[in-house]
Every structure is written in C-alpha cells, then in structure tokens.
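Once you scroll down, you'll see the structures, which are given as structure tokens.
Common to both upcoming complexes is subunit A, partnered first by subunit B, then by subunit C.
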Partner chain A sequence: MRRFRHTEEKLFRVLMFLSTNIIVISLGIIIFSILYKGLPSLTWEMVSQTPKGGFYFGKEGGILNAIIGSLYLAVASTVLALLIGLPVALMMNVHLIKYTKLVNGIRFLLDLLWGVPSIVYGAFGFTVMIYFGLKTSLLAGIITVTLFIIPIMVRAMDEVLKTIPRGLMETAMSLGSTSSEISYRVYLKQVIPGLVTAVLLSFGRAIGDAASVLFTTGYTDHIPTALGQPTATLPLAIFFQLSSPIPEVQNRAYASALVLTIIILATSILSRYFSKKYQKNRIKQ
Partner chain B sequence: MEENAKIRVNDLNLSIGKQKILKNINLEIPERKITIILGPSGCGKTTFLKTLNRLTDLYPEMHVTGSITIDNDDILHTHKDITLLRQKMGLLSQRPYPLPMNIYNNVAYGLRISGRKKRRFLDKRVEHYLKQANLWDEVKDRLKDPASALSIGQQQRLCLARGLAVDPDIILADEPTSALDPISSEAIEKKFVELKQQYTIVMVTHVLRQARRIADYVVFMYLGEVIEQGTAEEIFQNPQQEITKQYLKGAFN
Partner chain C sequence: MLTLQKRKSKPKYKNFQSRDVVRFFKVKRHLRSKLHTTWMVIGLIVVILLPFILGVGLYIKSLLLLEDQSLFNLLFSSDWRPLAGKFGFLTFIISSVWVTIIALLIAGPICLLTAIHLTQYAKNWVLKVVHPVIDILAGIPSVIFGVWGILIIVPFISDYIAPFLGKQSSGYSILAGSIVLAVMIIPFILNILIEVFRTLPDELKESSLSLGATKWQTIKFVLVKKAFPGIISAFGLGVSRAFGETIAVLMVVGNVTTIPKGLFQPGYPLPALIANNYGEMLSIPLYDSALMLAALVLFVVVMLFNLGSRIAISRLEEKG
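This part shows the complex of A and B:
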C-alpha cells in the first residue's frame, strides 16, 4: 500500500512537470519565433509610417495605419463594454442577490455568448451593417467588437464580485445603504484590482481578434479620421502580410505581431501598476 | 414584563425549506437595557438577530412569518423605507467588516449616505463617535490610513463607531467579542454598559461569563426555541427550566 502511494505521488509529479513544461516551452517558442523573424524587420519606419506605394511588395512604408486603427477600435469598444458591462455585473451581484435563479440564467446566457466564435459576431455585425446601410467602417467594427467582448467582461467581473464576503454586504446594508450605494461606494472599491484584470482581458480580446473585424471594419492604408471610414487593424495586417509569397512581407507580418504583443504587454503592466495603487483600502480575508 | 418594551416579537417563525430554524418566538426586549440572547452554537441566535433588521431579506431561501414590532411599527410588513429602518439599528458582527476605505470615511459613510456632507460637520461627528468607541487617541494621527491596517480589536471598535454614527436607537451585536483578545473584549463590554444609558442593546453570545457580567435581561434559546426569558437575576439565580439549569452549569460546553 505504502509503495503504491509513493508510485502514485511520483507519477503525478511527472505528469504535472510535463504539462507545465509543455505550456512554458510552447509559449517560449511562440515568443522566440516572433522575435526571431520579426525583430530584424521592426524598424522605426515600420511603426511610424503608413504603407507607401510598394509596401506590399516589400518596399518602403509601415503599419502605422493598423496600429492606430487597432488602438482606436480596442480602446473605444473596451470603454463602451465597460459602460454597459459594469452595471450589469454589479446588478447581478447586488440588486438581484435575492433572485438566484434569474442570475444563474443570466450567467448561463453570458457563458453561451462567450462561447460563440468571433466570426459569428462578425457575420452578425455585417448583417446589421447592411440593414442600416452602413459601409465597412470603424463604427461598425466598434459596435461588433463591443458586443463580442461584453460577455467576457461581465463574466470576468462577475467572478470577482462573487468572491466578496456576504458579511460586507450585510454590514453595508445594516448602515442603511441602498443597493446602488453598496454597488458604487463599497463593492467597487473592494474589487478594483479584479475589475482592472477583467477590463484588460477584454481589451486583449478586442485588439487581438481578426474574425470579428474582417467584414465590419474593412482595411485601408490610411489612418481613419472619422467613424464612418474603413480602418486597418493589426490582426488583419498580420493576416494579409503573412499570406504574401514575398519573404520580406512575411517577416513584416512577424514584426506586426511583435508590435501587437508589445501593446498588450504594455497595457498589462500599466494597469497592474495602477490597480496596485488603488487596492490599499481593500479588506483582506 | 416591563411597559417600555422597545422591541416586541410575536409568533416569529423562520424556516429554510422544511427545516425550522426559529420556532414560535415571543419576546419583549426592554428599552435602554442590555438584553443578552444566550444559547449554544447553532440554536438560531444569529438568525434571530438578522430578522430584527431584516438582513434576512438577503437570503431568499428564508421564509419568515409572525411580527416584530419596533416603535409601534411591524417591521416585517412595513411600507416604510427599509434603509431608514436599518439605520435605527447599528450592527456589530462576529468579525469586524470595515468598509474598503480609510478610517475617516468608514465613520463618515453613514452620515454621507443620509445626505450630511459638509466637511466641518463630518469632522466633528467623526471625532465624536471615534471618541465614543474609545478609538480616537489611537487613530487621530492616521485618519487617512486604510481601515484594514488596524488590528482586529481596533477594527471592531471602528465598526462600533461607524454603527453609532448613523444615530441608531438600538445596537445589535452578534458575538462582537468572539474574534477579539481579552483586553479588547473587556473594552467593548465596558462600552456597552456605558452605552445602555442611550441605546437599547441586544447582544448574542454563547459565553456565559460575559452574559453574567453585563446582562440586564436574558433570553435563553435552544434549538430554535426560546426556553426561558427574564431578568439576569431570575435566570442566573433561579432558572425554571431543566435545560437552562444544565446550560448554566456548563453541561453544554
């Protein structure tokens, strides 16, 4: 018996060691290959200029149009999704606390929406766009991406809000707070770091998704100056350049991927810094 | 019993599904006295306390019948604003739950949500209530520090100050000293004896010695029922029921 328990322990150690390594190594390979292929092509020209005449044949120009386009799109849809999603998440956890079945129903619905592939959102956005007579534009992209990240953001916030102990709610209630006061004066302050993570997760999905913007934002070599104009995005920039047979252009695809990775990394570090600043008042468990 | 009962409870029943948590509770809680609800763990003391300020609303699975009358108003079936009703009762829970903000704002919270926002007024009130809770001297130089940085005994006194700041008539306390060290516990007990000049205090405890020290009136509960109630003298010197006698002898601990 004793022997068996030891073998079992060893077996699981080996299995866990293996799976950890698979994850870490594959992540390493991804980052390495992006760096290896992309870094030589990542020049100042690449990030500071829009595509010039021969750009798609490996000549001069850069992907500034896609960088700016992606930032516009991701920031706008994250802000919109936050404005819509935060009240929903708070309502589910404070106002509707008595209606367990209803809240679980909403959770199920959101989980379903989370599971819907982004290309379906893209197709839906496309249909809506045609119905309203819109052309491919930044606005259509923002609307589609917002719809696509709302379930992600709400569920991520919901999971954070669920961890707040019932005692804090009882305390706030016994002081005579209304549900909205509990939401915005107490709960928000308690979970700001978790909410930042939720927003960040949604931002990452918004800036990194290609399928939902494929039909809705289109692609252009210009930096958009109005919501009605088509807009280039980084994921599509990667996609188009990677499909080219010319090696220089392919390498630029990796450089674009590197830019995208750096943007996500930078937002992640910044938001972690700010969420630390705001968590000093948090009540620890 | 006395004429000046602050809280009258009639035929209160509370059940979760088929399980009965509180059975036919009939009680009168006197004004400006310390009423101790005594009983072993799991006898429904805490749940009873929560029905008094309708925190049971938070738990849809709890089914409550009967009536609780405070100042001639049946709070279980009232049309009045429930948040105002709760402000008449300060609550101290088993472990302190400061709000996620700094010390000053914790005390000012209740005043702010009831619309009193002038800085000078708040400063005065915060100082007054922190002094009432014997916390002022320890925190006066760091009012801007997060409440979570205080020790647990200080946090409980902060919660007391915060509860008093909404200007209640009644203090509900659910084993307020169970997480505290002996010195902090004694401080809270002493404070309660002082506070009964102005407030009606209802405190739940299973600590017999504590009940003997501060109770004016005692309610003994066992398995969701009120077994016996009376003045501290009656219950401690001359209990009528066999279960009460056994509990007082320490047979349950």
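This part shows the complex of A and C:
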C-alpha cells in the first residue's frame, strides 16, 4: 500500500511534468511553424506595397494595405477605449470605493462582457451599422472593436488599481484634493506600469481579432484615407489568402501570419519592459 | 504715492485680494472635478448598459425570424435551406457542442496537472519560464492558431492519427477544431486554476501534512477537493470561451452542413456559420435574421456559462 502511494505520486509527477511541457512545446511549435513557413516568403516587397493587379493570383504586390489598416483600426479603438475605460476604472476605485457591492457588481458585469465572443460583437456592430445606414467602413470597425476591448481594458486596469493602498487616498483627501485630482494626479501615477500593460493588452486584442471586423470593416486593396472607407485588416488578409488554392498566395498568407505574430510578440515584450521600468514610482503596501 | 499710481495704471485689479485667487482656483478645480466625474459617470453607464444593449439589439434583429417560426423548431430541426426559408440550427449546435466538449477533455486534464505542478512542485525558474509562455499563448490571435492548425494539426490527423485508427479523413475535422481550441483555451483555464490554487489557505496543507499525509495525498484529498468548485468554474469559463471561438475553428473544422458522426468528420459550429455567410445574408429574406439569432444563441449560452462559473468563483473567494 505504502509503495503504491509513492508510485502514484511519481506517476502523477511525471504526468504533471509532461503537461507543463506540452504547453511550452505547443507554443514553441506554433511560433516555429509560423517562422518556418513565413520567413521564406517574407520579403520587403510584402510589407511595403499594396496589392497590385493579379495579386490574388500570385502576382506582384504586398499587404501594406492590411498592415496600415490594422494599425489604424487598433490604435484608434485603443485610444477610444482608453478615453472611456480609464475614467471608469478610476471611478470604480476612487469615487465608488465605499460602495463595495456596487463595484463588485460592475466587476462581475465586466467579467461577463469579457467572455462574450468577438463574433457576437461583430454581429451586433453589423446590426448597428445597418440601423444607421452605414456601409462597411473603418469607422464601423473602430466602434465595434472599441466595444469589444473596453471590458478587457477596464478590468485589466481595475486589477492594478485595486492594489493601491487606501491610505494614499486618505492622505490625498486630507490635503484637500478633489476626487478627480486623486484619480488623475495620485492614482494614475501609481498605476502607469499596469496601465501601459492594460493598454498594450487591449491593443493586441484589437489588432488580432478577426471575427469582430469581418462584418464591419470590409476589405479593400487600398490604404484608407477616410473613416468612411472600407479597410483591410491583417487577420482577414491572412484568412482570405489562405483560402486561396494558389500556393504563392498561400505562402503570402504564412508571411502575413508572421508579420502579425511579430507585431503581437513585440507588443507583449514592450508591455513586459514597461511594467518593469516604471515600477519605481510605486508606493507598495 | 507710488502705490496709488500703480493702482491707477491697473484699474482692473482695484479690489484685487489674495482670497479671490484662492476662490478662482477653487471654483476652477471643483468645476474640473465635476466635469471629470460627469465623464466618468457617462463611461460607467455605457459599460453597464453594454451587455443589455448587445442582447436587446440581437434580439430585435432575430425577432423577424422568431415571429415566422417557433424557437423550438429552429433549434431542434436540422433542416438548413436558407433559400427555402428553412433555418434549422441543430447541425450547427451539435457541431459546436462536440468541438467544445472534446476541446475541454483535452485541455482540462493538462491544465489541472500543470496548475498543480506550478503551484505545488515547480521551482522558481520553471515559473519564470512558464508564466511568459502562458501570457504569450493567451495573446496570440485566433487567426494564427488557425494557420497553425492548417499547417500542423490537419496534416497530422489525415496522415497519422486517422490511418492509425483505421479511418479516412481529410484532416479538416471535429478533432482538428478541438485540438486547436484546446490549445487556445489552455492559457485561459490555466490562469484561473493557478489563481484558485493560490487562494487556498496554507493552513489546510500544513495541517494535512502534519497529520502524516504525503504531499500527493494532501494534494489529492485536501487541495483538489477544496478547490473543486473553482476547478469546475475554470472549466466552465473555458467552455464559454471555446463555444464562441470563431476564426481558428472555422479554418480547420471543414464546414460541411451535415451532423458529424465521428471525430474525423467535418463539422460546422455556430460561430463559423455566422462568419461564413455574412456576405450573402442580405440577399436572402430572413437570412440575416437567422444569423443574428445564431449570434443571440451564442451570446446567451456563453453568458449562462460565464454567469454560473463566475458566481461559483466569487463564492469560493469569499469563503477562502
């Protein structure tokens, strides 16, 4: 019996070790396979030109339209979400700090919203778009993606704001600060690292999501010059090129996937760097 | 004299006193504070109303179809012929359920074992490696997972797994969708599980160990038992994430409108249905309404799973 006990533990320890490795290895395989397939087709032409005639039959051109479109979309919606999300996150932790139940309710709601699949946002955005008589455009995409990333951003900021010691607010209040001054001058400075991480997280979501923009931004070969124009996005560029039967076009899809992966990895590394660098202003509990 | 002259040259500030300065800035400060607060309240209202607006918006759009046919018929009929006005969702619902359950069966044990390993056994350097891996995995866009699925999983299934089991498959199958989904929901479930195991009080472990239980017995009979509601909710959240995942599944699952009869057959989950048909939905009557109903079904199912799991988790946190 005793021996069995230890064999069981050993068996499970091996299993645990294996499953941890499976996770690390699957990330390795994902990145390696994208690199392996994408690197040979990734040329300067790919990232510096818009599609030319016959691009979708394997002729000249690149995916600059999708890269720029994705950046426009992601930056604009991240800024919009920041404009709405930051005040909400601050309010939950400064103005409403006495109303624990209300704040917990809001957190609960945000968690629920975080779980809503992006295709639902896409479908909803499409309905709204039709209702207002808009066509597939950059603007419709920005609005949809903003709605989609607000819960993520608020919740991520809230997690950081939660850790600020309450004494800091009491001190600021006793010096005569108004609650908005506490929010923007005291609390905000405390959470800059977490804030940057939250913003970059939302940016990553915004640039990588395909289902919500599928309905709303459309697709075009040109770089958009106005909010009312349809816009190409990287995830959709990958998706459409990959469904083509022509091998050259498929290879371009792999290269586009590599571009998107690089953008995402860069965001991730940046957010790690920022969260380490700006840790020094922080008052710890 | 000198002071009087000065006053004459600046008659505007005749009664200028320092308390006016204070008042001016006080008013300005409070005005600013009010403006900020108003904007915050507006933002908060938007955020609070968002889920209701989402639900109501989709409901209004799907009302057209619901007036025409009963919900029960729509959900439990597998007759999908949009041109004839037949919208039976059963095929798609069954595909979705298959893909989700198998993804959970793959991801669940892996996550649980890894979470125990990371919180109970692992050394610091392992954590330092695995945490960034989880973060990066969580941040990878779904379309990349789709590309990976097409590159690795699909050929692997058609060339190795299916022949090994004596079956034929193109690789674009329920199984491929499930494996891709499993990898996608792993970081999500794992993060919550790690959190759950961390909130368990240390006393539990210590008292069990001091009674002579081995570490493994402590984990098996004390920690896992105590964390059980948390584990179930983490799986519930994983299910809701898997159920709504679109692009990655769409790329590898095959998209054939027949009820799947096995792991190696293609399926057609609900989100894929919505995503694949957005182009033509405006040209066929009631089609857009049907797709919005599909989105509403997704929304409701995901919300219910989320709601149940979140409630269980918050109860657990209160207790711990």
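As a working rule, the second predicted complex is superposed on the first by the 252 of 285 C-alpha atoms of A that agree within 3 Å, B and C clash if a C-alpha of one lies under 4 Å from a C-alpha of the other, contacts with A are read in each partner's own complex, and residues count from 1 in each chain.
Simple rule for what comes next: contacts are C-beta pairs under 8 Å (C-beta built on N, C-alpha and C of every residue); 3 or more make two chains touch, one makes a residue touch a chain.
None of these values were measured; they are calculated from a predicted model.
*Asks:* Following the overlay on subunit A, give me a clash-or-fit verdict for subunit B and subunit C.
*Replies:* Because the two structures are overlaid on the shared chain, the partners are seen to fit without clashing.
*Asks:* Touching A:165, do we find subunit B (first), subunit C (second), both, or neither?
*Replies:* The answer is first: A:165 touches subunit B but not subunit C.
*Asks:* Is A:91 touching anything from subunit B or subunit C once the two structures are fitted on A? First, second, both or neither.
*Replies:* second
*Asks:* Does subunit B (first) or subunit C (second) touch A:218, or do both, or does neither?
*Replies:* Touch status of A:218: no partner.
*Asks:* Does subunit A have more residues touched by subunit B or by subunit C?
*Replies:* Touching more of subunit A: C.
*Asks:* Tell me which partner A:272 touches in the superposition: subunit B (first), subunit C (second), both or neither.
*Replies:* A:272 contacts subunit C only, not subunit B.
*Asks:* Counting only touches as set out at the top, which of subunit B and subunit C does A:190 meet: first, second, both, neither?
*Replies:* first
*Asks:* Considering only the touch criterion stated at the top, classify A:12 as touching first (subunit B), second (subunit C), both, or neither.
*Replies:* Once the two structures are laid over each other on A, A:12 reaches subunit C alone.
*Asks:* So, A:181: does it touch subunit B (first), subunit C (second), both, or neither?
*Replies:* After superposing on A, A:181 lies in contact with both subunit B and subunit C.
*Asks:* In the overlay of the two complexes, what angle sits at the CA centre of subunit A between those of subunit B and subunit C, given in steps of 10 degrees?
*Replies:* Nearest-10 rounding gives 90 degrees.
*Asks:* Identify the partner contact of A:30: answer first if only subunit B is touched, second if only subunit C is, both if each is, neither if none is.
*Replies:* In the superposition, A:30 contacts subunit C only.
*Asks:* Return first, second, both or neither, reflecting whether A:230 touches subunit B, subunit C, both chains, or no partner chain.
*Replies:* Touch status of A:230: no partner.
*Asks:* After the two structures are laid over each other on chain A, how near do the C-alpha atoms of subunit B and subunit C get, in Å?
*Replies:* It is 6 Å, taken between the nearest C-alpha atoms.
*Asks:* Considering only the contact definition stated at the top, list the common interface residues of subunit A for subunit B and subunit C.
*Replies:* On subunit A, the residues that contact subunit B in one structure and subunit C in the other are 178, 181.
*Asks:* Give every residue of subunit A touching subunit C within the complex, in rising order.
*Replies:* 5-6, 8-9, 12-13, 15-20, 22-24, 26-27, 29-30, 33-34, 37, 84-85, 87-88, 90-92, 95, 104, 106, 108-113, 115-124, 126-128, 147, 150-151, 154, 178-181, 183-184, 201, 204, 207-211, 214-215, 235, 238-239, 242, 253-254, 257, 260-261, 264-265, 267-268, 272
*Asks:* In the complex formed with subunit A, which residues of subunit B make contact?
*Replies:* Within the complex, subunit B contacts subunit A at residues 50, 53, 55, 57-60, 83-84, 86-87, 89-91, 93, 95, 97-102, 109-110, 113-114, 146-148, 159, 162-163, 166, 172.
*Asks:* Spell out the part of subunit C that touches subunit A in their complex, as residue ranges.
*Replies:* Touch list, subunit C to subunit A: 29-30, 32-33, 35-37, 39-41, 43-44, 46-48, 50-51, 53-54, 57-58, 60-61, 109-111, 113-114, 116-118, 121-122, 126, 129-130, 132-137, 139-148, 150-152, 183, 186-187, 190, 214-217, 237, 240-241, 243-247, 251, 271, 274-275, 278, 291-292, 295, 298-299, 302-303, 305-307, 310, 314.
*Asks:* Across the complex, what residues on subunit A touch subunit B?
*Replies:* Residues 97-100, 165-178, 181, 185-186, 189-190, 280-284 of subunit A touch subunit B in their complex.
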